[in-house]
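Here subunit A shows up in two complexes: once beside subunit B, once beside subunit C.
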Partner chain A sequence: MYWVSVITEAGIFAILALGLDMVWGWCGDFDLAFYGYLALGSYMTFVLAIGRPTPPVEYIIGWHLPVLVAIVLADVAVVALAAVIGAIALRNLRDIYFAVTTLGAVSALYLIVQTYTPLFDGFNGVYGLINPGQAALHLTYNGYRIVLLVVVLLILFLAYLLVQRLSRSPFGRMLRAVREDERAAAAYGRTVFSAKYRAYLFGAALAGLTGGLFAIFISAFNPSAWTPQELLVIYAAILVGGRGNPRGVIVGVFVVYTGFVELTRFLPSPASRPEFGPAMRQILIGLLIILMLRFRPEGIFRERPGVDREQAPGGRPGRLRARAAASAASAPAGPAASAPAGPAAKDGGTQ
Partner chain B sequence: MSPALLEIESLTKSFGGVHAVRECTFSVSEGQVIGLIGPNGAGKSTVVDLVSGFGQPDSGSIRFAGEQLVGKRPDVISRRGLIRTFQTPREWRNLTVMDNVLLARRRFASESLWRSMTRARRIRREEEKDRAEVRAILQRFQLAELKNELAVRLSGGQKRLLEFARIAAAEPRLVILDEPMGGVNPVLGARIGEAVQAFAQEGRTVIVVEHNLPFIEKTCDQVVVMDLGEVIAQGPFSGLRDNPRVVDAYLGMDQSRE
Partner chain C sequence: MGTFLVSVGIGLATAAILSLSAVAFTLEYAVSRVANFAHGEFLTIGAYAAYTGQTFFHQNVAAAALIAAAAGLVAGLVLNAALIEQFRGRASITVFIATLGASLILQNLLVIVYGAASVSYTFAQGGLHHVGPFLWTTSDIEVILSALAVAGLIYLLLQRTRFGKAVRAVSQDRALAQVSGIPARRIVMQTWALAGAISGFAGFVLADTIGTFSPTLGFSFLLLTITATVAGGIGRPYATFGGALIVGLVIQIAGTYTNSSYELVFAFLLLVVLMLLRPNGFFVRSSTAAVRA
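Moving on to the complex of A and B:
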């Protein structure tokens, strides 16, 4: 069951990483607020689904909605917050200024949630979403966790298909043009802010969804579950897997989460120094980032430029490609998928 | 004389204490090829920035096809049919040559987030027509072989050609070329001259900012001369040699002011 839990967690974070990569990989904006979107999505899912608070616990709303409805509404709240932060940060700020602004935003959110108890009960946080639907589905605890894993992987797969489609679409190509040279993009008629903003909101929606799934996964959420630094692990994963390549991003998350974060748990940890393990993990992730940047800065899977192939006259490219795409889609996400997807993905836009 | 496509009136812009452009007035008729010349620091590039929306004038008016451009964003101006280049080629480096030129086709409708999600197949089918046209354009600029290369890998000269391929794909009404001959060898220079003439033959209006006077003389119908932020002369190139202000400010600089 341990590995079920590890893979579920990696799957959840892979969805977040897909959203974050749209902002960092496609648009080139180093955002530090995304973990805040996950957190807000998580909190909102709780307060919309777990019912009225019993004193001394306090939090807002306190509805008793079905958990799926709660996740959707929570995601709306997340996109609304991202709309405000994005409108401020994306308009004129770039590079380090953008990063600092988003870091400021998420730090403010963190402090407010932590100290203003009527919101989400401050340090204690919210809890009580224990395996929603387990009874209705007649599942054992372990059975439920496995179903949750399958659901998470399914959602991840759908998110991947959607993001991959966008990545290769004219929309994805336009975002990359904006990333490569904003002034040239504007000179050719692209509204830079609106382009970045749309990608940002889409990415934030994925982050909010991640928060909802995370709420179900861990059943309780408080400020110790999310510090802004957590996002750096996701960045490491994107870097390892391949910035700008959705498939690479997912592989990167699984490599970093299962390979690094979890395997380092088995490192011997002297009883007198319980902080040794987590500290080692941070150091190893830092080392991994440095090594990747030195030896393979583009990641395991590089961003794939669109390759133009001429169509035979009279051919029916649409249908042919659809079939090829379907065969690629049936293969699992990961290295195995690259072979059948290769020729199909090459035709068309940028990946 | 056809009506003016671009009318610039009393355009003024200063950066701090520097008057980059002062009461600059000139107009360009539809279909003309205009050379904008003047010594370094004359304000030519500032005028280009102001016209294309990359800077806002302190005062003055810029009319394009009768419409006021002052206050409009560069992307809005570009969509009205005005495409400018920059002194150094600004290709989208990590996109392919093909994608660079496809983007210049400016199919904004297909770049909608929603349509990209829901109509992916249809968009790709529509794009096939554009791809065919872009392949022909690449052929014309000797870039066909390189269509799947990343633009960052092109040589300096090829980047210039890519810039022209993008303009050809964009089909603008007015093109402003900011020093297209910078760092260009004579063979490539001849090709660029042909490209400018081809734009003119297609009915596009062209403004060329350039220091290479033989190039200006050969390709331009008229010349606007600027010095110290002001327009000091406008007319056919042949008349300039007799204009003492121009000779003083620019043509004579080869010996005295370089």
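Moving on to the complex of A and C:
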């Protein structure tokens, strides 16, 4: 049962990592607000599903929706928040300016959630989502945990298929083009902000979904369950697996999570110093990030270079490409044919 | 009016601490082009060094401040040699993420050594004084005076000494400074030592002003520091003092009239407005080009 729990948690965070990798791996924007999206998704799932608060407990909404509906609505709220933050942070800010702005946003969110009790009951947080649907499905506690694991892995697999498909789509290639050279991509007619913004919202939607699953998994959520710094574990996992490679990202999360769970079990943990284990874990994560960045920034699995299906040996040409090729063949004096003449003429001029 | 002036007074004290931290942050940026996320930990290290030192030096405030500065100096040297120089030539965001890792390591080393619970100094805060329209404690006055002194020293150091000239040269173009015979590596090292010492001292002052502190002291002050730095224009030491003044006053006055626990929220709002409207600081003509990679 112990490993069921570990793998479920790793699976949940793998979904978050897929979303985060779209923003960092594909677009190159180092975002620090993502753990806030998970948290908001989790909080909103609770307040939409656990019913009215009984004083002195207080929180907003307090509906009694079926948990699946609650997760979907919570995700809508998360995407709305990401739409605001993304609209501010993505328009002109890049690099450290983007990172600092998203850090500010998540710090402000954390502070408000912690201090303003009518929102999610401040420090106490929300709780009471205990194995929703267990009775309806006639399951034992252990049976329920196994079903939850299967559901999480299934959602992870679906998310993977979707992300993998997007990654190879024109949209995915456009994001990478924007990452490599924003000006060149803009010059080729790509709308940089809109491309990045759509990827950001998609990533945030995955993070919000993660929050909903996390709510079911841990059945209580309060400010001690999340700090913005928790996101660094996910970054470490993405770095290990391979930035921009969905398969690598998933492997990275599983390796880092199970690796750290195993490692921290063997660490000495004196009862008088309960903070020793978690602190040691954070130190190792910090070291992992620095060492990966220094010595193997591409991770275990490299990002797969974009494949031009027309030139790939044995690759099937796409429908559009085939049509374009057919029309080019019928009109050989197209712009493609005259293009190489440009640089050649220039070289001739300088000699 | 009375409340307003009191909050301006506290704002000035906050601004003084902020200016120390921000000027160190901007010096680090100036010579290494690094937004040092582990900067907050320099402050925390200074605060804890003074905490350890206070028992040995019988509550002597000056000795504690010196120990804090010395610890910060060592931290600055070590971070530069062990991390920043190793990442020379890499993209600025890569180095930024590496310093994030360093921040995580340093912060949790402090947790292991000192525990996660809050501690506090046993120095006397001194009585309240009316200085003109303001109401300050003795340590508030000491903080403001020491910040002014540091500002003056940095001005003299950067404008009147060979070291200062070299720092300005290296911050403009390290390679060019190197070929002109300036020992760039050593200048960068010395600047980090200086920035570390200022930060360590700032950490001690910050911890003393707040009263209690924990290993997250500097990390939670980092966002304010960055806001002040951006307000002044990152990499511009003198303007940073102006930035710190603006940020200190704005958050303190806003906090007084709403709720002081939302300080960080105001800082964030100010940061966003600054980034969008004045990304190069209050004191330069705005241009969004510098914000892009």
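Simple rule for what comes next: the second predicted complex is superposed on the first by the 301 of 351 C-alpha atoms of A that agree within 3 Å, B and C clash if a C-alpha of one lies under 4 Å from a C-alpha of the other, contacts with A are read in each partner's own complex, and residues count from 1 in each chain.
Please note the rule applied: contacts are C-beta pairs under 8 Å (C-beta built on N, C-alpha and C of every residue); 3 or more make two chains touch, one makes a residue touch a chain.
Nothing here was measured: the structure is a model prediction, and the numbers come from that model.
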Subunit B versus subunit C as contact partner of A:95, first or second or both or neither: second
Which superposed partner A:103 touches (first subunit B, second subunit C, both, neither): second
Contacts of A:293 with subunit B and subunit C, given as first, second, both or neither: second
Touched partner set for A:202, first subunit B, second subunit C, both or neither: first
Subunit B versus subunit C as contact partner of A:173, first or second or both or neither: first
Contacts of A:111 with subunit B and subunit C, given as first, second, both or neither: second
Which of subunit B and subunit C A:280 touches, first, second, both or neither: second
Residues of subunit B defined as touching subunit A within the complex: 52-54, 73-75, 78-79, 83-86, 90-96, 98-99, 102-104, 106-108, 110-113, 115-117, 120-125, 127-128, 131, 135, 147-148, 150, 166, 170
Complex contact set, residues of subunit A against subunit C: 28, 30, 88, 91-97, 99-101, 103-105, 107-108, 111-112, 115, 182, 229, 232, 235, 273, 275-276, 279-280, 282-283, 285-290, 293-294, 297
Residues of subunit C touching subunit A in the complex: 35, 83, 86-87, 90, 92-94, 96-98, 100-105, 107-109, 111-112, 115-116, 223, 226-227, 230, 259, 261-262, 264-265, 267-269, 271-272, 275-276, 279, 288, 291-293
Footprint of subunit B on subunit A - complex, ascending: 162, 165-166, 168-174, 176-177, 180-181, 183-192, 198-199, 202, 303, 305-308, 310-311, 317-318, 321-322, 348-350
